[in-house]
Amino acid sequence: MDNIRYTKGIHNLKSVDGKGGDAVIESLDDISPDLGKYIIEFAFGDIYSRPILSLQEREMITIVSLLTAGGCEPQLEVHINGALNTGIDPIKIVESFLQCLPYTGFPRVLNAIFTAKKVFKERNLTV
Amino acid sequence: MDNIRYTKGIHNLKSVDGKGGDAVIESLDDISPDLGKYIIEFAFGDIYSRPILSLQEREMITIVSLLTAGGCEPQLEVHINGALNTGIDPIKIVESFLQCLPYTGFPRVLNAIFTAKKVFKERNLTV
Amino acid sequence: MDNIRYTKGIHNLKSVDGKGGDAVIESLDDISPDLGKYIIEFAFGDIYSRPILSLQEREMITIVSLLTAGGCEPQLEVHINGALNTGIDPIKIVESFLQCLPYTGFPRVLNAIFTAKKVFKERNLTV
Amino acid sequence: MDNIRYTKGIHNLKSVDGKGGDAVIESLDDISPDLGKYIIEFAFGDIYSRPILSLQEREMITIVSLLTAGGCEPQLEVHINGALNTGIDPIKIVESFLQCLPYTGFPRVLNAIFTAKKVFKERNLTV
Amino acid sequence: MDNIRYTKGIHNLKSVDGKGGDAVIESLDDISPDLGKYIIEFAFGDIYSRPILSLQEREMITIVSLLTAGGCEPQLEVHINGALNTGIDPIKIVESFLQCLPYTGFPRVLNAIFTAKKVFKERNLTV
Amino acid sequence: MDNIRYTKGIHNLKSVDGKGGDAVIESLDDISPDLGKYIIEFAFGDIYSRPILSLQEREMITIVSLLTAGGCEPQLEVHINGALNTGIDPIKIVESFLQCLPYTGFPRVLNAIFTAKKVFKERNLTV
């Protein structure tokens, strides 16, 4: 059965997204607990526990992908917090967003920067 | 004037994209040489020469952004080559694409993996 | 003239979107009544009155397409209501969104689920 | 362990995508067999074996989502075949694509219709 | 009935897209003639015959929208021809694509420029 | 050095976006002043000062591209104001959005129209 995937997933979810991740899972309880289960088992159990990339590298990839997709500001907020939780410096988050400029243009980067600005302010961080 | 940005851009373009980058710039000569100039000055001169992230980190961000945007297979091919040119291991490229699975779904990841497969084959690389 | 298309469109709009649809059309009165007319004539007059698919099937397709496009939460809210108005069970709406997971990834599905949660709450529905 | 998910996934993959699905999995063998494993376990093992929606309904949702995402023609080809394999009438596939017109516009629908045309021709089907 | 919309649509389609437009409509005959009818009646009959914007302005808007959407190269090819058919200078098409750089990034602009390069070559045009 | 690009950029930014543009640049001061600098130097210094297209034509292209990309409502609001600042009639803005209907579908156009409605109301404009 899937106990191992679930246990690994909960562990990674707590390491990365902390209470922001918990809040997403809880908010699914009354509409689709299975969706919460898949986030834990597949995203955090299967993928985040893979070798070769560090959690920091995984979070950098995640926030770049969310920036590029557009319309994912709630998830971007959770994972900017996640990136900070894994020890990434705020200035490195900003720099990763600037690297997307030639590939996504300014609007997507601006939306991500303003989401980061909000998160940094909540955590009393400066760049 | 912009000589410095252009010179830095040419240097970075050669370090990263090698002859794949040259080919793109040359193919613009008879339709929009200014577009080639902006790629060199803005993308490679301004952005790639910024501090805080290494060229390897910049290429990882670039290929993740291109995967997520979709429909950018020609640019993805150039930058998978670019990622390899900066010394990133093929297995790390594949792993970065797998990290996108929860955020972009399977089709975008499959398209990127098949582009990587083509590039790795051309360069006689195995994962 | 287009009376028939308009009449069919109004009929389908009322069957499907109810007062949510009316509100959209009315809100266009002072900026682009022609846009409202095209929604009625083309979307609801031409397309929704076609054979082969039921209104329920059409609404399922619509909410899946809006989920995938991203950034269409206002329209998704109208059409989750529309799906319910045609008699689709809330659990089937949730299930349709989960089916998109492998193809769109988690963020688009989460955005759609939270829109459904809001609509279900307004209508006192449980899944 | 995950034997059950894998076994269910293989069963569903064969029911739905037939040899088109096998070909995708095989083509991943030398670059990312884990990606093939996730397609089987997560997409076809977890999601396709869920209750409430039939395989036919799941395939309809899948092809609508792929049409809307854009740039997923290879996956759309596999899943138009999948839709036919589950017994969906070709005319219903075409009709589902037309239902997307008001939400995605003509270009995405045209790309999907031409992919369907190719698949129908290969299978000697007429609409 | 819709004779007027259809007649206006055919007229506009011929003015704008010429034989490229005809080819698209014909290629739909054996799979979805209704889709061809909607292109003629809605896109070219309703929208292209509206006042306030010239056909040239409409074609400029169309190619910018297709560039931005991505994955619409076949439609972009038809409408770059359409833009030229309405008398727009090739250099103005290229310039419109460059104006998108800050908003869409380089890859979408490169894809559009290479499509324009192909069309200009077929028509023996230089910029 | 880049004084000329910056000076031209500030001039164009003020001509086009007025205080809306200033507000964006200022809001970047404490998180990424370099991003503000690139908006001024690259977007407004390099691109907006190019020949062949008028500022009005550039703003029309910009708002069409932002509509099509989706999820860019903050930037769309700035540039609908920008379009008005360059002297474009409100009715022409609305008409440009309607021209996108066949290519992007209704939801993107509705989102843009409601953003325009908000801007027109703030400026006491009627269409």
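When the chains are written out, they are named A, B, C, D, E and F in that same order, and each has its own residue count from 1.
Just so it is clear, contacts are C-beta pairs under 8 Å (C-beta built on N, C-alpha and C of every residue); 3 or more make two chains touch, one makes a residue touch a chain.
Just so we're on the same page, UniProt names per chain: A, B, C, D, E, F = 4-carboxymuconolactone decarboxylase.
Quick caveat, the model's predicted, so the values are computed rather than measured.
In the chain contact graph, what is the shortest path length, in steps, from subunit A to subunit F?
1
On C-alpha atoms alone, could you tell me the rotation angle mapping subunit D onto subunit E? Nearest 5 degrees is fine.
About 120 degrees of rotation relates the two copies.
For the interface formed by A-F, which of the candidate pairs B-D, B-F or B-C is equivalent, sharing more than half of the contact pairs by residue number?
Interface equivalent to A-F, from the options B-D, B-F or B-C: B-D.
Taking the mean of the CA coordinates per chain, how far is subunit A from subunit C in Å?
The computed centroid separation for subunit A versus subunit C comes out at 30 Å.
Rounded to the nearest whole Å, what is the centre-to-centre distance of subunit C and subunit E, using the mean of the C-alpha atoms as each centre?
29
For subunit E versus subunit F, what separation do you get between their C-alpha means, in angstrom?
So the centroids are 23 Å from each other.
In subunit C, what residues contact two or more other chains?
34, 38-39, 42-43, 50, 66, 69-72, 75, 98, 100-107
Report the residues of subunit F in contact with subunit D in the complex, numbered from low to high.
100-107
Please give the residue numbers of subunit D that touch subunit A in the complex, ascending.
Against subunit A, subunit D makes touches at 1-2, 5, 34, 38, 42, 46, 50.
In the complex, go through subunit C and note every residue touching subunit F.
24, 27-28, 30-32, 34-35, 38-39, 43, 66, 69-72, 74-75
In the complex, go through subunit D and note every residue touching subunit E.
For subunit D paired with subunit E, touching residues are 70-71, 94, 97-98, 101, 105-111, 113-114, 116-117, 120, 126-127.
Subunit C touches which residues of subunit D in the complex?
By the definition above, subunit D touches subunit C via 39, 42-43, 47, 50-53, 57-58, 60-62, 64-69, 72, 75, 91-92, 95-96, 98-104.
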